[in-house]
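One structure follows; several queries about it will come next.
Letters A, B, C and D name the chains as they come in the text, with residue numbers starting at 1 for each one.
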Amino acid sequence: MEFDFTPEQYTLRDEARRFLEAQCPPSHVREFIDDETGWSRDLWKRMADLGWMGLAFPEDLGGLGQSFGDVTLLLGELGRAVAPVPFLASLCAGQVVFRHGSVEQQRRWLPSVASGERIATIVIVTPDAAVVNASASGDGWVLKGETGPILDAPAADMFVVAAHDGEGARWFVAEEGVRVTPQLGFDRTRTIGRVAFDGAAAEPLSVGGLEPGSRVAVAAVCAEMVGVAQKILDTTVEYSKVREQFGRPIGSFQAIKHKCAEMLTELEASRSAAFYAGWSVDGDADDAALAVAVAKSYCSEALAHLAGEGVQIHGGIAFTWEHDMHLYLRRIKSDEALFGDAAFHRERIARLAGL
Amino acid sequence: MELAFTAEENAFREEVRAWIKENLPPDFKEPRSFEERLAFSRAWEKKLSASGWAGIAWPKEYGGRGATLMEQIIFHEEMARARAPQIFINFVGINLAGPTIRIHGTEEQRKRYLPPILSMEEIWCQGFSEPNAGSDLANVQTRADLRDDHFVVNGQKIWTSFAHVADWCLLLCRTDQSAAKHKGLSYLLVDMKSPGIDPRPLKQITGEAEFNEVFFTDCVVPRENLLGELGMGWTYANTTLSHERGPAFLAHQIRYRNTLLDLVSAAKTTLHDGVPATEHPAYRQKLAAAYAELEIMRYLGLRMVTSIMRNGRPGTEGSVSKLYWSHMVRRMQELGLGVTGASAMLDGEDAANHGSWQRGYMMSFAQTIAAGSSEIQKNIISERVLGMPRGEVWAPKERV
Amino acid sequence: MEFDFTPEQYTLRDEARRFLEAQCPPSHVREFIDDETGWSRDLWKRMADLGWMGLAFPEDLGGLGQSFGDVTLLLGELGRAVAPVPFLASLCAGQVVFRHGSVEQQRRWLPSVASGERIATIVIVTPDAAVVNASASGDGWVLKGETGPILDAPAADMFVVAAHDGEGARWFVAEEGVRVTPQLGFDRTRTIGRVAFDGAAAEPLSVGGLEPGSRVAVAAVCAEMVGVAQKILDTTVEYSKVREQFGRPIGSFQAIKHKCAEMLTELEASRSAAFYAGWSVDGDADDAALAVAVAKSYCSEALAHLAGEGVQIHGGIAFTWEHDMHLYLRRIKSDEALFGDAAFHRERIARLAGL
Amino acid sequence: MELAFTAEENAFREEVRAWIKENLPPDFKEPRSFEERLAFSRAWEKKLSASGWAGIAWPKEYGGRGATLMEQIIFHEEMARARAPQIFINFVGINLAGPTIRIHGTEEQRKRYLPPILSMEEIWCQGFSEPNAGSDLANVQTRADLRDDHFVVNGQKIWTSFAHVADWCLLLCRTDQSAAKHKGLSYLLVDMKSPGIDPRPLKQITGEAEFNEVFFTDCVVPRENLLGELGMGWTYANTTLSHERGPAFLAHQIRYRNTLLDLVSAAKTTLHDGVPATEHPAYRQKLAAAYAELEIMRYLGLRMVTSIMRNGRPGTEGSVSKLYWSHMVRRMQELGLGVTGASAMLDGEDAANHGSWQRGYMMSFAQTIAAGSSEIQKNIISERVLGMPRGEVWAPKERV
């Protein structure tokens, strides 16, 4: 039994952190925060050069054949950097195609997703429900309906859509004829928008239902949140060591110290839950449905609290636009609402546990 | 215990209501951008001023209405109930600078500065916080060196509302470098048109610039613009701060009640798990808890008012009230974000109710940080109310 | 407008506190804690001599003609002393008779309740529901059913019962033929027990429905809780000033100070809510139903938290039976469950507020 | 990441299961009174001992089973899953005194004391806490004065489990009055039958007496009963304390899972507002949250075990685990009281599930107070894990 990443995986994480510190410092992030549809194509290309988008796809599909676990560490680093790229959306969409698509479908779509050439997004609001309707039309299917907000829809050129086909919810892929209306995100570092289908052609993925695909998305967002929260805690602890009030670093006051200790507790519990959720979806464990609901419910509430405490400890300085703390806070609060909030996932737990 | 109003108080209430009805546009909606708010409040507060509502708490001898505490409460309540705008651009003048000058200024200063505040001919800002004097306000470093008949001011202030539109600044600065931290401070009344003052808008967490940083570089201030006595700034500052929480507590409660009503109607129309948030297990109980907390804010306010009427100052309930309502507001605003579901990922006009939950949530941090952070409040409560021993030096003992 | 007690009322409270400190010190309380049916008849007699049981009943019914507000201060003091007497139960039962009984019924029962000669209890679990059934029998009514746990049932000789008469819930009074089974209370300072009616004769009070009578009971328990909580905070602050660890009083540590400040905040908010609830039932204010639900929901949760913090700050010493802290904790936790817990009253608020 | 067990581990699990099936009475219910528990555990732990399960973590050379970490976990997990009793009367001997003597004792001491622990011929207690040495353990004042060939012990210990039935006591006491607080301490191995020892039962918050106070009056202890070296008590004590949290974390999680299952079944059968607690808005979400928190305790445990296997000690997850689970337990127990509704007003046999929620709630305070209160844990975490500056003296720096 070994419930932790390997030293090699941590090396990858450390490399990713160094890469992002150099290539995606806050100044880079801030180039895009006033632009509703802006995101960093430069960074995306560099990430593609490193093979990040293909990390968790098999080699024969153009990926690097690593586990989903490796990607969760990467997601954490991208969260830490609040990187302005559609990585999470495209990854989740690709993973849904990988888990629900036929071999032919995988071959058709995944190599370009794995190379970063094609940007996909996952069109879903909560992981259990279709958001639009699909109906048969001639040889194929068409989608109708409007939904949102959808993460990184403005950046996407391929849409993996949870649609109701008359019998149940399942995944469809649409490439053309999708109308996207960009929206102003609370998280300014990523794009978001409404998505409308007015008879757009779509193809159903061969494996029906929304799970296990939607679980991957939930696990992914938890992994990202943990990375953001780690950055918040690191920043807060560092600040508390240098910021002086009453002639002493504020980090020497017990009230601040105890808050930070509580934040670390929330973070380590969240990290454990996100690790487990990632592991469980990777191997499709028996308790995967429960594990992702546990992780998302806990991370949403605990890490939103942690983020609030980070702002509080910073005091006035974090209340400025110039300080980066609000970028992390906005990311955490957005992720809290993404793919179902704590209340939603607790209700899932209640049902799964037979309450 | 008696919660009824007298006939005179009820008549006063009718007068306020009638005035609001006549003067507030019936379709009035709180302007959403800071600039719009500023423009509206200029006109609105002029109106208040012209009708004698600006300084209702000010003594009659200084041009105010000399309203009783109950009348002040009634006035603020009615304004809140009508969702009329709160005093904004003239807030510092009416509630902070004015009372401080009235209490600590010379007779000449009173005559010179008070009337234009009431008439809104002169707008004020206050220069208090500095980057290194947040919770530790006695650590003010902006220096004013006395040279014969004038002071030369150098330094930086932060979180200065209205600095870019203000005519005057109530400036807390260090006039004695050698005295103990809180003893070398004085108050200057600074003409904002003086050379050497550079107010720069400070973009806050919401993306709007409601505040400013103000840089002073060799700014000359005539000696007669010293408020009261030299070296008394710390004492006077406590007057200013004590006026920051006025008898407006009950009115604030009504404004938060408006927020809660908005929250409830959002909850009724937003589906979670296929049911309105009001029927969802998680949100139904939280909404009810928010409702209870808000009611209790009113009861706390009623006790505070009673204490002030009896003893001239709030009792124990007053010392905890800021801690209570600031965290109540944070929870309520966060609940607002939660209730709106996936819309919490949006902002501004794209979000539910024009982004008011996002803005309200972000602004709620101001409540627990500004005007004495929650941590400072807890220090004060434990030491001054509960009499617990000082263990860590966190503030000069002399702070009132 | 004046929302506070008068100096005279506070004088009464102070006298009550001195009386109870002398007549009901913890050593007196502890005489009864190992005895399921034991309570202090001595203390009861002395309280009767002071007229406490009649305080809030009109003079023509043998009372002192004071307001219910005066009694709430007294309830707080009795809570502070965790007095082993059936005061709250008998007061609530008497108040129900006062508010729902005809003049004749009031005259028949209240003088002996107001004098302390007769001990009554209120047979109800949550303030909105009948607990047994009433049916017509000959000229009168009989009660059938079993319910509990009922506060101070073992001490009572008169039962004011929330019963369903076939059309709705209303109050009945039963004196004979009531079977009481004493139970071990979590709060050891008062008696408690199951109550069974197997055809006991009962008389309906003339004003139907359970409110406003049941509201008085809810307001009364809140007033008591505030007194207990005040004692917990006082004791905790005092202890923190004298208990030394690491060479300093623990009350000088910021972590302890901040906890105490939070406790005071919870206490003052609870006190405000209990005051208002007491005031609202006194004059039957328009918002009385809401006010008592607000008070009970808030006091239950906030003061249970406060009590837990009191134990935590005391550390090991509060973990002993010999220390009095657990007596207060048990009283608070029992009161939390009495006449509906926080969840119950929040649901009431939700309904009253139209959620 | 790999959560599967090896074939050997699975075989070991089968062995444990088979043994439990054979030895645990099928209708076994945890005894409710302390005295019953004591009686049962004497017999049960003798059985464990006779079958070689007593010291499974002890090295083979000292009579133990030398089980791997995974085997220990499996053993504890299976015991927990079967709701078999936890090690009780021999807990101090097996988990605290034994390892401390093995690591710091002389070869003679090892030979003399270890075998009777394993065989349960000798029961141990530990003399650690004192009325004035709670969180501040270095403040131990029980003194042992060395006179030629023996120590004379005077003082008082508190929270000493099993003192009235124990044969030996692992006693932390002050042997040097002049040295720094944590430097003058030593460990003595004290025969509880010596004259001058008076253990008195200490009734705890639940009304039961699981602990004792122990008074030492001129109690003579031979010099050879000094453990290891003089003045090393503080260092050795940290060994003892570090063994207090063993690899039993995952097994604890299973025991709390049993508690949660009891809670859920109580919730299903207790009506609130006319519906089972599982369907009531307030309780449904709280039950789900408790479920999530409990699952996360398992994940934390898995990480801890992995860290111990890799590095010999837990990582960051280990430093927060006590804070995490102790408060989790408090919430769960309090939820239990809430779920049982009006029955929360009762206790003992009259209450739901024989008063287990009342007892569990009261006992949960032990988790956040004993073995390093939550406040001490937060000090440790902030300074040692997060590297925050020391501001207040709260413990000797040397504490490991």
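Here, a contact is a pair of C-beta atoms (placed from the backbone, for glycine too) under 8 Å apart; a residue touches a chain by one contact, two chains touch by 3 or more.
As the structure is a prediction and not an experimental result, all values here were calculated from the model.
Q: Quick check for the class: compute each chain's Cα centroid; which one is farthest from the centroid of chain D?
A: It is B whose centre lies farthest from that of chain D.
Q: C-D or B-C: which has the larger count of contacting C-beta pairs?
A: B-C
Q: Using the average of all C-alpha atoms in each chain as its centre, how far is it in Å between chain A and chain D?
A: About 41 Å, centre to centre.
Q: Using mean CA coordinates as chain centres, what's the gap between chain B and chain D in Å?
A: Chain B and chain D have C-alpha centres separated by 53 Å.
Q: Can you list the residues of chain D that touch 2 or more other chains?
A: In chain D, residues 280-282, 284-285, 375, 378, 391-392 touch at least two other chains, as defined above.
Q: Hey, what residues on chain C touch two or more of the other chains?
A: Expected reply: 248, 253-256, 258, 343, 346-347.
Q: Going by the contact rule set out above, which residues of chain C touch chain A in the complex?
A: It is residues 253-255, 258 of chain C that touch chain A.
Q: Which stretch or stretches of chain D touch chain A in the complex?
A: Listed in rising order, the residues are 1-5, 9, 70, 264, 267-268, 278, 284-285, 287-289, 291-293, 295-296, 299-300, 302-303, 305-307, 309-310, 316-317, 319-320, 323-324, 375, 377-379, 381-383, 385-392.
Q: Any idea which chain D residues touch chain B in the complex?
A: Touch residues, chain D against chain B: 280-282, 284-285, 391-392.
Q: For a test of understanding, state which residues of chain D touch chain C in their complex under the given definition.
A: For this pair, the touching residues of chain D are 129, 131-132, 134-136, 139, 158-159, 202-205, 207, 272-273, 280-283, 330, 334, 337-338, 341-351, 355, 358, 361-362, 365-366, 368-370, 373-375, 378, 392-395.
Q: Show which residues of chain A lie in contact with chain D when the two form their complex.
A: Its residues touching chain D are 1-5, 69, 237, 240-241, 248-249, 251-254, 256-258, 260-262, 264-265, 268-269, 271-273, 275-276, 279, 282, 285, 290-291, 293-294, 297-298, 343, 346-347, 349-350, 353, 355.
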